[in-house]
Amino acid sequence: MPIDFHLSPSQEGTYQTARSLARNLLLPSRETYLQYPPNSPLRFQSTQPTYTAAVSTGLLKGQISPAHGGTGGTLIESAILVEECYSVEPSTALTIFATGLGLTPLNLAAGPQHAEFFAPFLSGEGSPLASLVFSEPGGVANALEKGGKGFQTTARQDGDEWVISGEKMWATNCAGWDFKGCDLACVVCRDVTTPLESGQEPKDKVMIILVTRADLDRNGKGSFEVLRHVATPGHTSVSGPHVRYTNVRVPSKNVLCPPGQGAQVAFGSFDGSAVLVGAMGVGLMRAAFDAAIAFAKRDDRGGAVPLLERQAFGDLLSGVKMQTEAARALTWKAAHAMENGPGDYDARRELALAAKVFCSEAAVKACSDIINAVGITAYDLDQPFSDLLNTAVVLPIFDSGNVGIRRRHMQQLMLKPTYDAWAATYGPSVSE
Amino acid sequence: MPIDFHLSPSQEGTYQTARSLARNLLLPSRETYLQYPPNSPLRFQSTQPTYTAAVSTGLLKGQISPAHGGTGGTLIESAILVEECYSVEPSTALTIFATGLGLTPLNLAAGPQHAEFFAPFLSGEGSPLASLVFSEPGGVANALEKGGKGFQTTARQDGDEWVISGEKMWATNCAGWDFKGCDLACVVCRDVTTPLESGQEPKDKVMIILVTRADLDRNGKGSFEVLRHVATPGHTSVSGPHVRYTNVRVPSKNVLCPPGQGAQVAFGSFDGSAVLVGAMGVGLMRAAFDAAIAFAKRDDRGGAVPLLERQAFGDLLSGVKMQTEAARALTWKAAHAMENGPGDYDARRELALAAKVFCSEAAVKACSDIINAVGITAYDLDQPFSDLLNTAVVLPIFDSGNVGIRRRHMQQLMLKPTYDAWAATYGPSVSE
Amino acid sequence: MPIDFHLSPSQEGTYQTARSLARNLLLPSRETYLQYPPNSPLRFQSTQPTYTAAVSTGLLKGQISPAHGGTGGTLIESAILVEECYSVEPSTALTIFATGLGLTPLNLAAGPQHAEFFAPFLSGEGSPLASLVFSEPGGVANALEKGGKGFQTTARQDGDEWVISGEKMWATNCAGWDFKGCDLACVVCRDVTTPLESGQEPKDKVMIILVTRADLDRNGKGSFEVLRHVATPGHTSVSGPHVRYTNVRVPSKNVLCPPGQGAQVAFGSFDGSAVLVGAMGVGLMRAAFDAAIAFAKRDDRGGAVPLLERQAFGDLLSGVKMQTEAARALTWKAAHAMENGPGDYDARRELALAAKVFCSEAAVKACSDIINAVGITAYDLDQPFSDLLNTAVVLPIFDSGNVGIRRRHMQQLMLKPTYDAWAATYGPSVSE
Amino acid sequence: MPIDFHLSPSQEGTYQTARSLARNLLLPSRETYLQYPPNSPLRFQSTQPTYTAAVSTGLLKGQISPAHGGTGGTLIESAILVEECYSVEPSTALTIFATGLGLTPLNLAAGPQHAEFFAPFLSGEGSPLASLVFSEPGGVANALEKGGKGFQTTARQDGDEWVISGEKMWATNCAGWDFKGCDLACVVCRDVTTPLESGQEPKDKVMIILVTRADLDRNGKGSFEVLRHVATPGHTSVSGPHVRYTNVRVPSKNVLCPPGQGAQVAFGSFDGSAVLVGAMGVGLMRAAFDAAIAFAKRDDRGGAVPLLERQAFGDLLSGVKMQTEAARALTWKAAHAMENGPGDYDARRELALAAKVFCSEAAVKACSDIINAVGITAYDLDQPFSDLLNTAVVLPIFDSGNVGIRRRHMQQLMLKPTYDAWAATYGPSVSE
């Protein structure tokens, strides 16, 4: 099939479903949560009914791959869904998508023995939360370098059990609706059963262990604690608190990735989410543009013509429009390549990283440019512009930060002897 | 005297006083106001004791020119003061500086007959608030163009009185501590006593009328109303509400600038404040840099070396450092030129506009870059980074927005036949 | 068909043909033309054999639409071709593509009566040059505004003939190989047979007249003159001189677009070429990236590791990589939308404009960033970097300049009441 | 003395002298050298009479510090001189200033025994060329790191002589007018008399040896060879060829900096030149702005109003104006601080680095923006814009490249425990 940008019927269906979901389900939740103080536990909890309703529409099942019994579609469809939701109500949306991220390590690495962990998310009932529990209070960007400290959350094998201890932070959904633990946590941790041997690198010890709410409950009081709810300037209904695991014992069957395999699966999960962060950026830019052009058509700042007739204003707007179009095209390209090639995984992955970095930084700049164009009205919290900026500002720094991790991964890819710059577009290059 | 960047003893004194003020007076007020909801009237009111204390140190008298009995120093000294305060606690500071802006039209245009209006601000007692009441809900950027609508707040001469009606918004301090009106408002309005004649332009009708709290009290209930307190993402202790004047009658002696002279004095006031917005940007960039470098020296994101050793991090920081240095140097240049030349007023003014636009936009970008460098930790409201961004983001759009007004003024200057690009540096050019 | 980024067999064929053409035909021509002084007539003329060879491969026929007997493929195929050639040898390539631009008005507007004008370009023989003769010495960016001067090249009807006079500049190929006129010129001019009537705008007088070499020869000496060959920093084998038409008489059948229809066809031609300028930008960025990464893998600037291991270097390179990927994705999106929708012509056209502006400006920045990364070696003309910059620098300013024309067209589209921002992606919006 | 931006009489004198020099001496030389092919040896040689005339006005003596018998003024005066010359004719100017750079190591490190080396440059006669011979074909950015290769040009002590061998490149003036060697070369090289000992770093071996033309002549044919004249896109009358020293023997008295002291003096020389590169950037931006505004006042691109009335054009111009003003203010600040403080050398040096990096990158962007504003006319080599860009493009990459060296030095300063960010403005910080 040739290069094509038309939505197929299935993609069109995703688009229409997403529009309805965003406007009819997510947007009303905003009215509700705004009644509670920003970042308060109550604000997060107020979104549970919306989350439950979204689950009942199959949204979680749709984030599980068919290989595991889900109805997950293509990455392009996910990108369409994410853009649409982020253009309308990003905060409630993130809680939903974060469960998707929490399930991604299972999508990538689960064997038949892990089927039970998928079950609650396949049921279409309730409001189960999953979480990829990766980040730590002191950061992890350099933890896996030679000489790095590795993850500070540790796991120790003790007979047929693993014992997990350590602090995590920023893992969306990790504490569940009642802050006693989410339904399923993919905890990225470091095996300390034996010390790092000569020749080993920190990543050789990285593993992923599944911790369910039942595991935490069984371990009892004090095994999992929320140390602090983190207040943030945007995404104010989202929960990703600073938490501590203390000697949480789980059975061996909970090991999703044994030592040495955890880093690849964790980063593989972020490769997929990279594309979706690209779509988040597109959604925010689109919302900012739409709000600004509506403003510019009704407002004249006292002049004789609508604001949009001013070149200085128009150029800021068209600049954002172009960035948005480029960002979406890149995101789609990356989504398609990740699943269909051409090129090997490294080549495809480079596009995913590019979508994350490019779109996230473009989104921050776009919101800032739009604010400058709109002028002082944009400083009014009754207008959407400030919230858009404060939502966008996390895109470059969460889901593995651009400067510390994403750009470094791009550099590592370029450094490989097998690097083939345009393989994800034209196929592997032929030496001449 | 040759080009020199050393602080004179007087400037050094300003610097030391400012440091003390910022750390010992302004900073503690933040602890207090943070106890109240953002942008709530209570938050603003909680800063009144700090304001009173600042008044008692002579801070208001210091914003009145010696010609009118004040102790106002040079614009460079003001820039030093503003930078220092903004690097520590911008929100409380803005309330103070806004009174300075409110007094500037008097500094520029007051005659002997206006001495009584200065009096409360010269006393060093109480907490009198002044306000330059300029912006309107629908914006004023293009209101003075040919064919523009002019100011929507109007004044009509009726015998020996003027009658003022209309809505204003964003005028810092305009409603006073109790929201019944500030002590002194310089209301920029349009004379509608007679209609615009052929050949006249909107600016020919612009006037400035002084409205004191006593005037409002005398006019009685309903003459001045706060329609809405505006919630803003930064400067959360500041008050600049949407207000309405309804048939406020003041005596003719309250006319500071008769019709046709108001625009020049209003814009002249903003020429001075332009330099100070430059200093605000410098202060914010400096604070962001200082916070980031402190973070980078204590943090390693799990790696073997401090974060600052990473080139990608270092380049973002040094980029901000350079911008800050350039911004301060430009601000000082503009401050010096405004008062000392060389060049005519147009040439000097261009530098003031440049300081405003350049530093304000640099500050937003700097805060954004610093957030990207710091990473996810910057999304934690316990850290200063998000607040710095949300404070900086108003600099390009308040105090006459860059896109709609400041850049336009720069363009108008360039268009003049007498434009002499480098006169404010090397003196008027000599034709060869 | 769903969104897809795989090259179809036909597109793959275009890619392979383009690679071969670029490397085997265009690249060797560079060796030849570099023997002549930059921008000398001889340098341009030295590319004629290469042009002839390209013609014989069907390259001109491939730029004529099947409706007119050509073998022109899709715009995406053209984009693939242009990217490939521009990544290898842009200067010789431009001469070929400029003939394509010269034929575009005919592709868009020719009737059966114009078949004879296509003939030489369908033959696959010789080296016929076509040219869209649009730009003028004083510029045309604002000429069609209300109150604008209109085109300064005029046409006057005289019986069954039109008489053309005026100066043109920058029209690639317009003077032909011997500087006595190209084989086919689409001269955009202003009908001055009758004066502009009240209510008419300058564009109501714009027409396009075909002028062949035979026409010029018939008109005799002095009817067409090259006033100056323009030396340029890049594209040094290209010819687009300052020329003058003096009372050139052509028969009425040569009128391609009668008065009032010329502007639309001319701008329509530039809508298509906008996408191809996007592809030019992609090709140049790609070439700059490829050259820089090759340098960074073999060079260490005296250090212990390859240059590419330095983060500061790596970030500049990955930044260019991301821009290139985004630029190509946007260009393909625009190429597809222009021919397939969704959305009406305005919506599609906006994407074409976006591709032109975004990619052209990105290319200049990319070349500049690459130069900074490579360091002083990039200032050596034996390296490709400076030539890439000097080639890229024209992309934003030729083919209708971004600031004066392309951005203005984007603004005009946004101003339309029917503007529908995302229709070229998701189809016309449905009001809710 | 307080902060002041007025030129003192001495500075004003420098300014006037510089204006006269630039217009009356340098500019005419351009007419002459343009008659020769770009970068041809003849082009460089054609500037010798101008250089001789400049010498006779005391320009070389003015680059030697009074401590060594010169009349060198302050760094601010040098910045004024450099800006002025670069705004008029940068290429011829660089040849002159490069002699200044070649003399700087002596200004910094010469003892009484080196007086003879200054003599030709104090005489005010002839056309003596000096050169700081630093860069090497493979680059030196990382050569002094731990594990780096060090300089590839080596010196070996042999009795009372040193024997120098190795290749250099990009050292302006190093080959002299006849390409047999300049009058005085400060050759930065690596002592290989004994191998690097454990605990030593590459910089411990760096030395600077003076090599005069007499030395080269005495060593005879083959001791100094020009391997290649480097063609460059700008500065086309400048000579900085690829050269080779082969067993050049010089007496011990020629050692300016013994092993271990060379790097500090070389980098110290570049600290001073950093400020002057800042001034070069200012000069180029100013010239680009002046040319663009002149164009914009006389040109209307066919419209009804001058181009400057268009907001899109005006904003590009005012953006360049602001950058130029900020760049000059920063350059002056750095120049003043380097010689007067406050702050220790590190604090002062950071400003010099900032001036180099900020102004050089701003200049490239400014020239690029101006080209976009002017439009296609800027692609005409008869206009100054392309030459300005091609001149500016070297500023970030020569005189120690920004990415590889200057930014690294900034990072190293920030990493020091004693780093005190604002000491060069407000003096050493006081802990509170």
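Chains here go by letter, A, B, C and D, matching the order in which they are written, and residues are numbered from 1 within each.
The rule we apply is simple: a contact is a pair of C-beta atoms (placed from the backbone, for glycine too) under 8 Å apart; a residue touches a chain by one contact, two chains touch by 3 or more.
By chain, UniProt protein names: A, B, C, D = Mitochondrial medium-chain specific acyl-CoA dehydrogenase.
Predicted model, so just to flag it, every value in this text is computed and none were measured.
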Mind checking the rotation angle between the two copies, subunit A and subunit B? C-alpha superposition, nearest 5 degrees is fine.
180
Measuring between mean CA coordinates, which chain is farthest from subunit D?
A
Just give me the whole-number Å value for how far the CA centre of subunit A lies from that of subunit C.
41
Inter-centroid spacing, subunit C versus subunit B (mean Cα positions, whole Å)
49
Touching at least two other chains at once: which residues of subunit C meet that condition?
310-312, 315, 407-408
Subunit A residues touching subunit D in their complex are 310-312, 315
Touch list for subunit A against partner subunit C, complex
1-8, 10-11, 15, 23, 76, 286, 289-290, 293, 306, 308-309, 311, 314-315, 317-318, 321-323, 325-330, 332-333, 336-337, 340, 342, 350-351, 354, 357-358, 407-408, 410-411, 414-415, 419, 421-422, 425-426, 432
So in the complex, which bits of subunit C are touching subunit D?
39, 135-136, 138-152, 170, 230-234, 299-305, 307, 310, 312-313, 316, 361, 364-365, 368, 371-382, 386, 389-390, 393-394, 396-398, 401-404, 407-408
